[in-house]
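I've put the structures underneath this note.
Shared chain: chain A. Partners: chain B in the first complex, chain C in the second.
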Partner chain A sequence: MKGKAALASDLARRTEEPQAPRVFRPTTKSPLGPVKIASTVSAVAPLLALLAILGILVHQALPAIKYNGLGFFVHNVWHPGNFYLQPVTTNGVLHPAQAEYGAWAIIAGTVLSSLIALVIALPASLGAALVISKLLGPRVRNALGVFLELLAGIPSVVFGLWGTLTIGPLLSRDIYPIVAKHMPDVIVLRWFRGSTGAGEGLLTSGIILAAMIIPIIASTSRDLFAQVPTLTEEGAEALGMTRMEVTTKVTVPWVSAGIIGATVLGLARALGETMAVAMVSGSVLGTLPTNIYSTFNTIAATIVTTLDSALIDGTGLAVRTLAEAALALMLVTLLANVGARLLVRKVSTTALPVGRGV
Partner chain B sequence: MSDESVSQAAKPNEEYMQDLAPRPVESNSANSSDPSRTVIKVSDLTVGFGKTTIISGVNLMLTRGSIVALIGPTGSGKTTFLRSLNRMNDKVHGYFAGGSVLLGEQEVLTDRVDLLELRRRVGMLFQRPNPFPMSIRDNVLAGVKAHGLAKKSEHDQIVRETLERVGLWNAVSGRLHDSPFRLSGGQQQLLCLARSLAVQPEVLLLDEPTSALDPISVESVEKLLAELVSEITFIVVTHSLAQAKRISDHTMFFFDGHLKESGPTAQIFEDPRQPETQYYVSGRMG
Partner chain C sequence: MARDPEALTRIGVRTRRRKAASGAAISLGVIALALVIVPSVWIIAQVASKALPHMSWSVITTPGVGLGGGLENEIVGTLLITFGVALLAGFIGVMSGIYLSQFAHGRAASVLRGASEVLAGIPSIVVGYVGYVSLVVAFHWGFSLGAGLITLSVMVVPYIAKTTEVSLRQVPTSYVEGAEALGLNPGQILRTISLRTALPGIVTGLIVALAISVGETAPLLYTAGYSQSLPHVALTHSPLGYLTYAVWTFYNEPSAKAVQLSFDAAFLLIVLVLALITASRIIVARASRHREVA
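Coming up: the complex of A and B.
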């Protein structure tokens, strides 16, 4: 009886199920183990860190955001208020009487000084990178490369000291007055006229910042230029292009996306640079620069120079305002990054060999 | 279609072969050749780097409208020789050259030569396609713009004509402003050929131009050379003996830094005079 049933079911299985062709699909999931856990954690960590920093910053800044309102980004008065009067509550925020904060001047100062630095550093870095990677022999190339990397490692306070003690006074005594005197009174160049100050200010900061970001942009670009295939450059030479044409039409465009990346790296460093700028900016609060030699301040330098006095504010508004300023700095840096990404996309679609070996 | 173009293309070659049959290309018997048809004349060329001599004592004379194949084992000096003709060896450390290379009446091996103009007259196509990082259109025009050969209003026409010449127009006419790197390898090499042709060279040096291409692309490149040979002299370095046999009128066999033997392709392959040549073309070497 039993055997009959087994036989029947066996027969049924054989006749009813036509065998499907065998398909092998390899498992893509790796088993959960220490390696997978560790790598997942380290992959997620940067994201969590960024979110945590942003979250804490927003939380800290919230009362200041409520109190300062949109005026924070528009006007320039930077007045912590009168600590000797009774604190007042506005919009549900306790604050010293007459307190008023406007960050437009330091936001503009941050962007302007970094842009000046970029205008100086970008051509200088690309020139240095091209000379090092294309014109020099291997021995000199390596020696110069080492110096470039050493330059990148100099602490910013050393740059700041050098700026205040040496370069700033030198420029304001011997160079700035001559430039200011001979610059024509036309658009943009007008900015180079007028009082040249004592050496602390926008242009000096821009120059110091440029010196700090040149090694970053130059060493990255040098590595990029070394990657441009010889075959392609030779093709341009064999077509009868001059060295200049080969460089501008083939070598630089080949790595343009990477150069934009390197530039943003340098720009981010300049935007966030604190110590050196704090030492050569002249640390003036609440006024927009009137010409390129004007004293000014940046967000980062303001935070570091006013933190001490901000802690005196018993209502905490001063510190919270600094947190809001820090948030603004992160926003500016973020905008620069997004802008760079858009630029890279635009450059890449025209002609670049994206992800394709040649 | 292919029959037609082949027979058309074969005509100039046949004429040329008959014309040239009684006189060898080597300059040893240069006095017998017609100087007006001479494109390149190399006399006693020696090339080396540092203390090493790579090739020595090369003599040859090339006439207009021929395809010359350079064959020989790796390291025999074919490419070094080729790159001496448009001075691409110049920037190699320790490069020196002796003897003489005449392009028409112009001595090439002198500092007085205009390198840019020399390279316009003597173009080059490389082992692998090397398009520039610019649009397809700009690739074709790169040399034209660099040498200021045409007005801007003529650029569209040049692009179209040149691409039509290399048989690429239909494939790329709709995406002239796109990246060349999305083209196939064969199309990229044709684009590089178009780029070289756009500056109207007299001589085109080809350094294993089809070694990285598939057989169908190889066929289209070879066909093109045959079509263009009436205007341009081609010097082709190749490791493919079959290709040398198919496309060239004359073959030069390099061995160990010397031009061992040179003559009509048929003679080199069927009746080689030197034992090394015989050994090489029979496929027992290289």
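Coming up: the complex of A and C.
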């Protein structure tokens, strides 16, 4: 039994901080002990995994960074070297003779394919999200919400399979030649002219990537649009604005920062996407795309398609060079990810989805 | 207005133009919606139409032989890996969510939460690469179930942690305070009130995480390896097959049977993933109906 004084002090403590966040204050005898220990260890695990990944990547990449130098990011060459000659030591790094690496082509390929994906996915997702949240009834709206979730769950190899065996050949046979023939020879549009290839390349990859990031951008912006107060929109409509004017002048500006965040998150996913791109890129190394249909490669796809052949390099430089590329890719995607989250957290209550955004 | 008789007509013309623009914008929106819906329906329909006509029990019940045979080894492998992820990532993820929602406060909490979100943003092939150089090579585990499922778990733990944390935070404070008033200790409250109320949300997150891990390829290629024989129940030194590998490798082979297997595997993957996501939706729907009654 507690004494009266203890009860009073307990009451005082409780009334002092009525708005304080609810936290358990287990006594030393609390049966929560093991749970608390296990959960603390588990909660630290992701942090440890993150540090381990960073540490291992840097450790792996260091010799490659030393050997390849800063030129790695601006040169365009991919020569694992001559494995039949005696390995040579340069800058304290043992490497096959004549080995030379420059990732400019795969960096450009990564950025270009993701930008193409974004140009397609952003208007499609915003349009779809606006129609879903503002024009459709609640039943259709819910059904389409579930549909977007299912879409996000389709494995990326299945997207790749569809891209390489169905949509790629179809586009290169029926659509690309017509576009290439009629595109005027002016700035930017010039990129759509020339040889259209066999359907594996930059534009096909961009289209597949767009299909993959649409669910992320669309479902996040749908949540954002649902947050815009109805009264504000109705007020705008009462002032005589048309549906489109309400959307472009009230709804979208109200949540614009959130939309930018969702877009950057989609971009980060496109930058890091591996399997689908590896299946529709055409997998060339060391050549820059000459037009929008050209075969190309991305950092992620290069890692997945060349890691097994890189193992042949007895000095390990090829594997370490892939670590250098992976490190660069990871830093860029993390920057995009963290930036997007900070931006959205600052201005909105909707948190961006974690993980694949299902 | 009286001084300018044409003003009304001008306003009329402008209104008509604005309304036409609005109508055009709405049709563009509907086209956008179609752009979102059509590809996915197309993918599912196409994979089903290529896989179903040739689908037979032998595909599911025989392991692969060269470029032919069936997919039994891949199916068992995928189920084994998914089961392992459910245990490992499920435990760490749920526990981590409990910590973040119940015990964490201040700076440490936001650091842990941030680390988890950042981890989720790392491209899957980078996680796979690190799994390869550390678990497979440095630890001498070889291509194995252990290396594959740890690598995959690293990818889905943040998602499970997040959904668990959010579900636990949504437990009404009045429930917890009621239990407190009845004299339950924190352990009992967590077990009988908080976790029970949050269970549908936690299970949903877990199922979606499993759907994600069923569909992953890049983290497994260089950690789980591949094998055509049925997987051994061994954590190390024993490579195993999985469905995404069959899709990724067989589509490119110069054999109609191999391409067929690729589509069969894709079909099984879609069925598995959609079944898992549908199950999670049903749990959510049931839980919300239950809440309305109560």
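Basically, the second predicted complex is superposed on the first by the 282 of 358 C-alpha atoms of A that agree within 3 Å, B and C clash if a C-alpha of one lies under 4 Å from a C-alpha of the other, contacts with A are read in each partner's own complex, and residues count from 1 in each chain.
As a working rule, a contact is a pair of C-beta atoms (placed from the backbone, for glycine too) under 8 Å apart; a residue touches a chain by one contact, two chains touch by 3 or more.
Because the structure is a prediction, the values reported are computed rather than measured.
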Chain B versus chain C as contact partner of A:317, first or second or both or neither: neither
Chain B or chain C, by number of chain A residues touched: C
Partner chain in contact with A:277 - chain B first, chain C second, else both or neither: neither
Partner chain in contact with A:239 - chain B first, chain C second, else both or neither: first
Partner chain in contact with A:40 - chain B first, chain C second, else both or neither: second
Touching partner for A:151 - first (chain B), second (chain C), both, neither: second
Touching partner for A:267 - first (chain B), second (chain C), both, neither: neither
On chain A, positions contacted by chain B and by chain C: 242, 245, 354, 356, 358
Chain A residues touching chain B - in the complex, by the definition given at the top: 137, 229, 231-232, 234-242, 245, 249-250, 253-254, 256, 349-354, 356, 358
Interface residues, chain C side, partner chain A - complex: 18-19, 21-22, 25-26, 28-33, 35-37, 39-40, 42-44, 46-47, 91-96, 98-100, 102-105, 111-112, 114-130, 132-134, 154-159, 161-162, 173, 176, 185-188, 190, 208-209, 211-212, 214-218, 221-222, 244, 247-248, 251, 259, 262-263, 266, 269-270, 273-274, 276-278, 281
For the chain A and chain C complex, residues of the former touching the latter: 21-24, 26, 30-32, 35-36, 38-47, 49-50, 52-53, 56-57, 60, 123-128, 130-132, 135, 144, 146-151, 153-162, 164-166, 211, 214, 218, 242-245, 247, 268, 271-275, 279, 300, 303-304, 307-308, 319, 322-323, 326, 329-330, 333-334, 336-338, 341, 354-356, 358
Chain B - residues contacting chain A, complex: 86, 88, 93, 115-120, 123-124, 126-135, 138, 142-143, 146-147, 177, 179-182, 192, 195-196, 199
